[in-house]
Amino acid sequence: MKQQQFTIESNAAIAHQVYELRLSGDAGALATPGQFVNVQVGNAYLRRPLSVAKWDDRGMTLIYKVVGSGTDWLAQQPTGARLDILTGLGTGFDLKKARKHPLLVGGGVGLPPLYQLGIELIKMGCQPRLIMGFASERDVFYQKEFEQLMPVTLMTQDGSAGGKGLVTDASLQAQDSFLYACGPIPMLKALHALPLDGQFSLEERMGCGFGACMGCTIQTAKGPRRVCHEGPVFSKEDLLW
Amino acid sequence: MKQQQFTIESNAAIAHQVYELRLSGDAGALATPGQFVNVQVGNAYLRRPLSVAKWDDRGMTLIYKVVGSGTDWLAQQPTGARLDILTGLGTGFDLKKARKHPLLVGGGVGLPPLYQLGIELIKMGCQPRLIMGFASERDVFYQKEFEQLMPVTLMTQDGSAGGKGLVTDASLQAQDSFLYACGPIPMLKALHALPLDGQFSLEERMGCGFGACMGCTIQTAKGPRRVCHEGPVFSKEDLLW
Amino acid sequence: MVNMKVNLLGISLDNPVLGASGCFGFGEEMAALYDLNLLGSFSFKGTTLHPRLGNPLPRIAETPSGMLNAIGLQNPGVHEVIATELPKMKGYFHKPVMANVSGFSVEEYVAVCSLLDQQDQVGWLEVNISCPNVKEGGMSFGTSPELAARVTRAVKAVCKKPIIIKLSPNVTDSALIARACEDEGADGFSLINTYVGMRIDLKTRRPVLANRTGGLSGPAVFPLALHLVRQVYKAVKVPIVGMGGIASAQDVLEMMLAGATAVQVGAASLVNPYACRDIIRDLPLVMEEYGITNISDIIGGMKD
Amino acid sequence: MVNMKVNLLGISLDNPVLGASGCFGFGEEMAALYDLNLLGSFSFKGTTLHPRLGNPLPRIAETPSGMLNAIGLQNPGVHEVIATELPKMKGYFHKPVMANVSGFSVEEYVAVCSLLDQQDQVGWLEVNISCPNVKEGGMSFGTSPELAARVTRAVKAVCKKPIIIKLSPNVTDSALIARACEDEGADGFSLINTYVGMRIDLKTRRPVLANRTGGLSGPAVFPLALHLVRQVYKAVKVPIVGMGGIASAQDVLEMMLAGATAVQVGAASLVNPYACRDIIRDLPLVMEEYGITNISDIIGGMKD
C-alpha cells in the first residue's frame, strides 16, 4: 500500500454514466489483478474504492460509474488535475488457480478488474474467455478491448445488445474451467451456486480500505475476514453463501 | 444584494501576502463605495467578506490578504475559475458628507474600499487626499494607483517606506476635512478621538453578511446595528468609542 | 405531478420547508431577495419579553461543515415584535408564521406566548427551551424533564394555538423529555436546536467566541439530528418539525422518512440566502426520482 | 528546538499524539506503512472477554466532514489479544501501548482489565464505557454516573496500571459523570467517544447502517469535543486524553489548550493512514509559529 499522487491523462465517458479514467503516476504498489485503490474525492470525507482495470510502468486505468456525489465529482475532473490515491490495496485474484481455460464473468462495473486479470492470464499461457453482462446496450463498455484479448460473450438484460438475459443465461460450457467473477451480489450468488470452482470479488462500504477499522468484515469459513485486506477476492469455499 | 457568478481575470500578489483579484461579471448590485461582497471559498463552510476596491460595467476588483485557510484557498485559484459571490452587501460611505477636501485614511487591507471612494469623490468635484499606513515596505500596495487619483502620504511603522510611524503620526492638517477611515480597530479608535467629523468602516466575524443572523450586531448611539447591513460604515457620532 | 402539501397541526403547508428561527430574522431581509410566500412558512427570531442586545462579539465561529453561533437571543422584545415586526410582515408574508419564543423563567414564557397567541398572523408557537447561548434559563429548561414539562403546562394553560416545544440535543435522552412535555399537552416538537461547542484562537489562546461557547449547526450535525428526530418520533404521537444541517431536497426527504412532518432550514440559509427557495424548487424532481407522489406519505416511513 | 514531550500518568511520551482505538487495529497494518514508534503511543482495538464478530454490514456511512461507524466491537477476545496480538506487536512497537477495554457487565470489565493489567507492554488501561454500537452494556455504563462509578471502582480494585475512563458525549453533563468516576479513583479520562447518529438510504428507505445507528466521528465533531474536554478539565484534577475530529497539528494545540495532556487521532487516520505521522511532523513548526517551546506548557492554558 502506498499513498500516491496521480495526474489525470483522460477522463471520458465510455458508456451511460460510465467513465474511463487514465492516470499517470507510480502504480508500483499494485501486484495482482483484482486489487483496488482508494481515491480522495474533493467534496466528501471518505475515499472512494475503485478496482484497477489496467496498470503499467506509466500509470493505471480505472473505470467507474457515476452513482453518487463522489463519482459525480470525479467525472468533472479535467485532464491535468491531480488525485490523491491510496494504491495497492487488498488481495487480488489467485492466478495460480487458473486452469487452461479460465472463465471470466463480469457484470457492469464489476468488469474492470477482469481486464488486467485477462492480460496476466494470457501472459501465463492460459486461454481465458469472458462473459460480460449489462442492463442494456447503452451500458456496454470495453467490448472491443476485451475481444482483442479473448473470446467474449455479451449479454444484456433487455437483449438490446448481444444475447438477452443474465450472464448465467449464457451457455457456460465450462465444467472444467476455473471461474473468476466480479459484479453485483445476486450475480455472484448465482454463479456461486454453479458446480464450478472459482473466486469472487466483493464490494462493501469501507472506512479505511487498508485493514485498520474493521468496517468491512464478513464472516467466512475461515473466520472473520476484511473485504479490504484479505479480500476483495474470496475463494468459493470461503464464502458462506 | 445579489448572488452572482464571477470569473477570475487575474489573481496576483501585489504585496507580501496581499493579492489583487480582478473579476468579470455583473457588479450591478453595488451602489456605494464601502460596500462589500461575501465570497464562497471551496474549503470552508462560511463565506468570506471582502470589500470592493473598484467596480465597473465589466466586473470588480477585490484586494485581500492571506490570513487563514479561506484566503489561502482564494490565492490558489487560477484565471478562468468561477466564484460564487453575494454582492452589493452593506451600507457604504455617505458621499454627501464629503466637504471640499475629504481626508481618506487607510491601514493595510483597510485600504481597498477607499479606492472606489476616491474615484467617486473626484467625480463629485471633491479634492480628496489619502494617508496610507502599513507595517513595512513589503506590505505596501496600490501606492501608484492612489497617487494617480490624489495626493498620498505613505507611512510605515518601521519607516522602511514613506514616513515612519502610524497614520496618526502623519501631519493631518485637516481641521475642516471630513474623514473616511478603514483599517484596524486601534487605528480607527485613534482617529475617532481626533477633533474631526467622519465615517469609519468596521470588520466583524459574520454568519450571513446580509442581515439575517444577528451575528455582527454592535451597540451604537442609535441602538443595536448590524455591521453587515446598517454598516460596515458608521458615522462618528454613532460609534460608542 | 407530485404533491408537496403537508398538514402541520391543522394548518396546511404548501410544502414542508420552513426557514429556521434565528436564520430568517423577521423575514424582511429575505423578502428583499425572493417572494417568501414560496415557503411552507418560517419561524421568526427567538422573542423574549424584554428587548435583548445579545452577547458581545464575536458571535460567530466557523467549524468543519458547520458554524458556532452565540447570538444570545438578540431581539426587540415581544411588544416591539407585535407593534412593528408583525405589521411590517403583513407586507411580504401572507401565510401563518411560526412564533419562536424564549424565556428566562416560566412566567416569561407564559407572558410572551400569551401575547403572541393573540396575533392572527401567528400559526404556531415554537417554544424554545433549548437555547445554549444564554447563561440562566434557556437550555436548562430543555435538559430537565421536570422543567420542560412545567414550561409546557404553563404555556398550554394560556394559549389556544398549537404549542411546539423545541428540544435540545444536549441531553442523554431526548425522548424522555419529549414524553414529559407530551404528557402536559405539547402539540408537537421541533428539533434539534444547536449543540454546545467551542473553538479556540491559537494566536490569542482565547475562545473565538466572546461568549466562550456557541451552538453548532450546519451539515456537520445532520446525522445526529436525523437520529434524534427518529428517537422522538418513536416516543411520541404528535408531529415533529425536523431540523439540523438540512441543505438539500434529499436531506428534506431523509428527515421526513425519519419522522418529520415539516422541516426547518437554518445555517444553509445563511451561506446561501436562496437555500430554501432552491430546496423547494428541487423537491419535485427528487421526489420523482425516488417515486414519491405525496410527500406526506413518507413521514416516518423509514423501514427499521 | 521545541519540546514535544508530555507525561501521561507517569509515562513520558515523546509527543502527545496517539492513534485512537478502533482506527489502528493492533497496529500491524499501520506498521507496514511507517515506523509506529514515531507515535506517542496508540490505543488498540476495543477488547472484550470473548471474541466478537461485530455488527452486520454495512458498518460505515459517510456524513459531512465525518463518518458513522457501527463496528460493534469486533475483536478476537482478550485471550487471543494476549496470546497473539501483543507478542506480534513486540516486533513493531516498543513503547507502552494503551489497552482499550470494553464489556457488557462490570464483571467483564474486571476480567479483561485484570488480564491486560498484567501485560508488560500495556502502559494504561482505557476503559470504554461509551461505545454506542452495542445493544446491551457499552454506552449505558457511560450515561449514568452510578454505573460509571461502579465500573471504575471495580476495575481500580484489581489493577495496578493507570485507569483512563473513556467518556461518552451522548449525555447531558459529562463533568458529572467524570467526577463520579474520579471519586472512585479514575486516574484519567479520555473523550470523546462517538455521537450516536444515523443516515437513511433514500433508495431503500432503510438506514444505511445495518445496525440502524452508528457513532459519528471526524472533523464534524471537533468543536463539540473541544467544549467537552474543557468542561471535564475544569471539573476534575486528573489528566485528560482529548480526541474527536483532530486532523492537524493546529487541532492538537487547540485540544491541548482546552485541557488535554495528550490526544488521539481516529477518523483522520482512516482517510489518511499517515495522518499521525504528518501531524507529528508538523507540530514543531506550528508550535514555533505560536511561540510554544514546551508543548506541556499549554495544557489547559486557554484563557477564559
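Odds and ends about this structure:
When the chains are written out, they are named A, B, C and D in that same order, and each has its own residue count from 1.
In this text, a contact is a pair of C-beta atoms (placed from the backbone, for glycine too) under 8 Å apart; a residue touches a chain by one contact, two chains touch by 3 or more.
Keep in mind it's a predicted model, so treat the numbers as computed, not measured.
Listed by label, the chains that touch subunit C and also subunit D number zero.
One finds 46 Å separating the Cα centroids of subunit B and subunit D. For the pair subunit A and subunit D, the distance between C-alpha centroids works out to 36 Å. For the pair subunit A and subunit B, the distance between mean C-alpha positions equals 55 Å. Residue positions of subunit A with contacts to 2 or more other chains are absent. For subunit D, the set of residues that touch two or more other chains comprises 61, 63-66, 218-219.
Interchain contacts link the chains end to end along an open line, per the touch definition above. Across the whole structure, chains are in contact as follows: A-D, B-C, C-D.
Taken together, the subunit D residues at the contact with subunit C in this complex read 61, 63-66, 68, 143, 170-172, 195-200, 202-207, 212-213, 216, 218-224, 226-227, 230, 245, 250, 253-254, 257-258, 290, 298, 301-304.
Of all residues in subunit A, only 1, 3, 40, 44-47, 86, 204-208, 210-219, 224, 229 touch subunit D in the complex they form. Interface of subunit C with subunit B (complex): residues 22-25, 29-30, 32-33, 45, 53-54, 57-67, 69, 71, 74, 208, 218-219, 267, 269-274.
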